[in-house]
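You will see chain A twice below: alongside chain B first, and alongside chain C after that.
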Partner chain A sequence: MTLQEYTSSSHNFEECMKCTVCTAYCPVVPANPKYPGPKQAGPDGERLRLKDPFFFEETLKYCLNCKRCEVACPSGVKVADIIQAARIRYSKSKPKLRDRILASTDFMGTLARPFAPVVNGMTGLGATKAVLDATFAIDKHRTFPKYAFKGFESWFRKEAPDQSRFPEQVAYFHGCYVNYNFPQLGKDFVKVMNAAGIGVSLLDKEKCCGVAMISNGMIDGAKKHAAHNVAVLGKAVESGKKILTTSSTCTFTMRDEYPELLGIDNGKVRDSITLATRYLYEKIVAGEVKLPFKKDFHAKIAYHTPCHMEKLGWGVFSIGLLKMIPGIELTVLDSNCCGIAGTYGFKKENYEVSQAIGKPLFDQIARVAPDYVACDCETCKWQIEMSTGLEVRNPISVLAEALDI
Partner chain B sequence: MSNRKDNEFDVIIVGGGITGAGTARDCALRGLNVLLIERHDIATGATGRNHGLLHSGARYAVTDRESATECIEENMILRRIARHCVDETDGFFITLPEDDLAYQTKFVESCTAAGIRAEIIDPKEAIRLEPSVNPDLIGAVRVPDGSVDPFRLCAANMLDAKLHGAKILVYHEVIEFIKEGDTVRGVRVRDNRSREIKDFYAPVTVNAAGIWGHHVAALAGANIGMFPAKGALLIFAHRVNSIVINRCRKPANADILVPGDTVCVIGTTSTKVPFEECDNMYVTPDEVDLLLTEGAKLAPALATTRILRAYAGVRPLVSADNDPSGRNISRGIVCLDHETRDGIKGFVSITGGKLMTYRLMGEQAADLVCKKLNINKKCETAVLPLPGSEGGKTEEVSKKIWSVPSAPQKAAAGRAGTRAKVIPLDNPLDQALVCECEEVSSGEVRYALDHLEVDNLVDLRRRTRVGMGTCQGGLCACRAAGMIAEARGCAEKAEADLKGFLNERWKGMYPIAWGNTLREAEYTQWVYNYVLGLNEQ
Partner chain C sequence: MEFDVMIIGGGLAGLTAGLALQEKGKRTAIVSAGQNALHFSSGAFGLLDREDPFGAVAELDEDHPYARIGADSLRTFAEKAKGLFARAGIELNGNPLGNGFRLTPQGALKRAWLTLPEVDLFPDEAAVKGHKVLIVNLLGYLDFNTSFLALGLEKKGCTCRVETLRLPEMERLRQNPSEMRSVNIARVMDNAWVKVAGEVKSLLKDEDWVILPQVFGLRDATVPSQIRETVPARVLFVGTMPPSVPGMRTQMQLKRAYEALGGTFLMGDEVLSAETGEARVRSVETRNIGRIGAKDFILATGSYFSKGIASDMNHVYEPLFAADVIQDEGRGSWYDPNFFNPQSFLSYGVATTPGFKVLKEGVPFENLYAAGSVLGGCRSLALGCGAGVALVTALSVAETI
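Our next item is the complex of A and B:
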């Protein structure tokens, strides 16, 4: 007898009309024949798993969790949530040491940053890459993002300009990438917000949003992080602050994955979490903010919309904001997953699929030949930089550079 | 025996439901030369139109001890001989605040007296084990109910009969009995496809035609007072529960919810219907209302769960008194020797009973046939497993065949048991899905077309579950029709078949056509009419 407490589903899989548009839009299906596709892995599979958990297939791990299926679905079925929830519930394969390393972004960051010059030197070496490839199955083509010797948080506490002078205040969820790898984005954020007349504060010790833990099956850890973050976000919201971010994936995870996949109630904070680009765009359109731009700024930029940005439906805000910068020649790239999907593309077994998925995007970027690419997601940035040789900047950094201050 | 003509048999069985199949298997295992005749396909009558409940007998314990005892004995036998058709889910009898809790004591005593394990459990424990159960329950009793797939069970009995030499003729209808004086010598049948008339001879003919047995007996000159009692049921699109849920009260309407394969079924109602309606069962809005209202008392989630279809069957009850509802008639087995009863020699009727007691019915009929033929062979159907049931659970069976089974291989093993090893499922083409909802692969469909007497898409559905899933044929019907056209070399017939199949699916959706079910039906209609142009010409 299989107890029903293990075989009931809280997902809306019955709303599926079997139209299969999700599978037509899935970036993995054409690249990896082992993947059954979102319809089969999601709503169809859910019904079979309710009959007998034996029908769970480990091939569900090939899902990128890019959520393109959910964007495509005309019936509002949370296809990717069904797939990820099934992995959480039924998968018997435990995360490997490699997966734990990839997933523990803030733990690894804390560990590596004091030794940043050494670590950065090491991870870039061909020999190190060969060792990582052979022992951890981290693909040799990948380079770990460099660690910053001095983290964003310590810069902010010691060196950031005084923020109390601004009448309006926001809280900033910077995420692991800004803190450990790329504090410049955080500095750019502070510069832009201050230019808009807005003061910035940090949260009371944020933790990694947990997206990498979710995709690597470390659900207990992800839940702990989520509960912690909801609590500290709640404090900021109580003091009347909006929470701004510069990563579309952290934003999406905290808003939608917490309640849907982790069962963490974020009802009190969800609507206060917003990408900085959206916040600014709306302020500018409402006439509440006017930014001073350089007169002689010029850049040819191609904007890539990250999958989670498409799911949020917020690409339009980043694009709109970039268009406000005088002297920008902007191409909005076709909707296409870059293929990295966070830690997915780092894994040796996924490398080829990852690159095949991103190829149409890389080809289009080559045709457009921009000065650089703009994008709101750090992992898309690594993928596009590795695959095209071009630099990728967050729209906030583009804005910071264009400001006349 | 050797110079016997090919239209001569030891016994002719009329009716391709579970009773006929069980009788054919029993007779064939005893070495008889068997012919089974069915006017449609296998399992088209009440066999395919019930709950698929593996009764523990608890439902009858208070009101009908004899049926209860028969049920629990057959229940334990089926768990052994029909493992791939049975799901050992267990069952609850729940008491709701509006029910009399005192009935529970009487119920448990009666179960125990009938040999049915009945254990009172704490309502909280019941909710833990089965979270879909009505949380307001004030009592719960756990009994060894389960679910059984009637199509699979019927097909497995047919297959075993065939493996032991029986001849099965589907789409053949008895039009008259060949009699010499007061002795039945055989039957005259019409092939309902070619309209050809054929004669078959045997010293004994068994009427196992369910409710239609009334008519078959009349053709032979005997009268069985039968009582057609319609029962309506609803199928939900997925398993809401994994343990059977019953109401702990005197049997009434819509008080059993059974999880079966990928779905669950609520039922039934009981209404007297005239014989003329038995061939065209429909479900009324009142019946749907009643099933949903009462069903939601067992499991509140039913009120918001997608309904796949509504259907109704006719119980072949033998009327013994004037009860207008049909609930108080014994579900007991009626085995009639028409020689002693009506003076008609060579003719036997096996009726009454229920899906649960089909094997025992077959045994009683075969005993009588053997007695008439002076054959002294013991019944073996209680000990020999059905073909496909020699293994254990789906996981065990599929891993034994393929070591790392794919999803279509798992699904095939779930349906065919150990017989899955004879289905071509090794290469990617064989594993390509025809029916995505139920994971039916092209290998399984091809095997059914080649070996399992499939004439049309509805027959294919009964053998493979093609078209039984959420989309009700939307995606699979055209693929399966294409395979039939290829196998039989006739596209026109397959196209007509496809239309018929989609209309048959719609018939079951019509009584509950709202919400997602209606959206699905509309979508399917657009695809077939306007993308595939099915109604052009």
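Our next item is the complex of A and C:
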């Protein structure tokens, strides 16, 4: 190793000026004293790890990969990327069976769906929850997302032929959640796009974006998914289509984590992947789309910006779109992590920390007392619904309801 | 996206300009690559480290932003700055038309203009003589040096007693000594301050002053004044090592006030390049949003620390517009080998017209203004004019637009 290799890295740790601003904005630090904090886990630790992997600490697993440290860093250090890359490179702990179960979001869905009523019944039962808690260390307070009896993909198959009547076409990356747990969001998406005069098609067999595999250390699996997705996304892009999504996390993972953490080149497709809210907002502002809204729609909504949305910097689009709906009373909640971070909060050892992280957000939601919460992320949805008792809707679903068609 | 005014940089200058422009009814956006110099603030704003700051304007170099503005307008903007903060919910201490003194972590007095609510501003140096002082720290907190403070105050004829509080609420934090930082402690103190106030009260003997570190009131700005109401002595909050709790809270308050006025704050995004032509800026390109167009643009990107100004081996430059930068020829003349002498390179920054329009190859952009520490000619460390320049130039630019 040359001196240069000891003192610089692809995630620019050498630009750190040791100001600790990242630590001041990390949601885990105040909630979990076992976590060394972004400065120490990131740039400080990297300097040591480059010299000797002995200095790797397993406590880095407490990082939520929320990227808030990166958003705050005055020096542009990719703090969270340093931490996640170190876990990938040095961690010796193998993912447990529990982690594999939680991470295999599409595998679980494929297995569970035909038996949806049974699985839903089982994961909802107190006894099953106790077993999951004791055997797999999945916290018993958690409500499992329900598995839909009929997946979105099979619903869409019947709709597909009708979509060709629209001159403009987009491809939809629906993600595991829409397919297995909440097909209604996919249906809402198709309804809104059609109302905007845009036809929808699906990709040539998408796979889970891989975010849960990344956070559970199943890197080979994540790489396979990423390579597959980049290939099928590429086909859609070649046929001149944009790829729209309804999940900020899938979007962020495919755009930024593929190249930064998995080393998968997504250069040909990255700029074509965008959130449906951003796409619509820009079309409406440019005067290319006009949506018909109900005259008598009314809703008091609090919008929560998910961490990965914060990192994407696209909250403005979802908020801007919601503001276009007549009859909406909108409060934008302070930027706080909800604490779930994908599968993190499902694990028994993280439950308390997860709820402590989310507390400022839940408290603010209680003060605002909205009819429901709007948010672009499915895992935030579970967490906020469980912790506040309020319903959480994707902005696309809010739009679908407000449309006068 | 299109706005009336696009502000590049979300520090004190960018936020001040944003607030003033939103109040004027303009549609603005602020894009900020990361957090800013407020996170390192002492809690005191400097206008100019002179007894009569307005009288001293005539002695400043002609490049200094105050020399451009002139003493009369400087007075007007100084008063406006205090009013703008008050409307944003922040009651600054001090008379905007004069200087006072603040107590430093070394127990010394330093000139200051306006201070954040918990930071005391003394009218003169005599105000600190002959007090009995109880200095209270929290067990395990190393970024607040009580002995420096006591030594400094004893030189001024005070007598000091130092006590350390051990709180069960802090034990969790203490498991990880490297996280015993101002902001992490402040998060605990948002709830535990009542206990601290009670303990301080019971420690108090015959002291008329109590000094605590600035780790109170991160989310709730009223905490320091509530502590003051509980403790029957004058309570002073003295600066810690960064990050600055009052500075961080002020940043959040200003941002919230700006958004409440309808401003769009794009946090963590970065302007990568700009499209210019015929002495105008047409749009900028950001990493997250892409193209953003506006009628006017404000460059409030800060100095070296925030990457508003950068250097290579032979030049100091402004990275976004390649604007003209006031600087000396030749690297050798940039700095004085004696670290503690005033350093020339600290005064380098963007060259502008007297109305703060940015110059490029001597020609001003018609719709690009500079404000804050990106400006050349400041020597803010030596002159103690950092926050003053940020506030006053931002207000001046907002008035022009």
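The criterion applied here is as follows: the second predicted complex is superposed on the first by the 393 of 405 C-alpha atoms of A that agree within 3 Å, B and C clash if a C-alpha of one lies under 4 Å from a C-alpha of the other, contacts with A are read in each partner's own complex, and residues count from 1 in each chain.
The rule is simple: contacts are C-beta pairs under 8 Å (C-beta built on N, C-alpha and C of every residue); 3 or more make two chains touch, one makes a residue touch a chain.
Predicted model only: the values in this text are computed from it and were never measured.
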{"item": "Touching partner for A:V332 - first (chain B), second (chain C), both, neither", "value": "second"}
{"item": "Partner chain in contact with A:K61 - chain B first, chain C second, else both or neither", "value": "neither"}
{"item": "Touched partner set for A:K242, first chain B, second chain C, both or neither", "value": "neither"}
{"item": "Chain B versus chain C as contact partner of A:L48, first or second or both or neither", "value": "first"}
{"item": "First (chain B), second (chain C), both or neither touched by A:C19", "value": "both"}
{"item": "Which of chain B and chain C A:Q40 touches, first, second, both or neither", "value": "both"}
{"item": "Contacts of A:K311 with chain B and chain C, given as first, second, both or neither", "value": "second"}
{"item": "Touching both chain C and chain B, counted on chain A across the two superposed complexes", "value": "19-20, 36, 40, 75"}
{"item": "Of all residues in chain A, those that touch chain B in their complex", "value": "1-5, 7-9, 13-20, 36, 39-40, 43-48, 50-52, 54-55, 57, 75"}
{"item": "In the complex with chain A, residue positions of chain B that touch it", "value": "88-90, 128-132, 237-239, 241-243, 261-262, 305-306, 394-395, 407, 410-411, 414, 433, 436-437, 439, 469-471, 474-475, 516, 519-520, 523"}
{"item": "Chain A partner contacts - residues on chain C that touch it in the complex", "value": "1, 33-36, 39-40, 172-173, 175-176, 178-179, 181, 183-184, 187-188, 219, 242-243, 248, 256, 259, 264, 266-270, 286-289, 305-307"}
{"item": "List of chain A residues in touch with chain C within their complex", "value": "19-21, 23-25, 29-30, 33-37, 40, 70-76, 285, 310-314, 316, 332, 334-335, 360"}
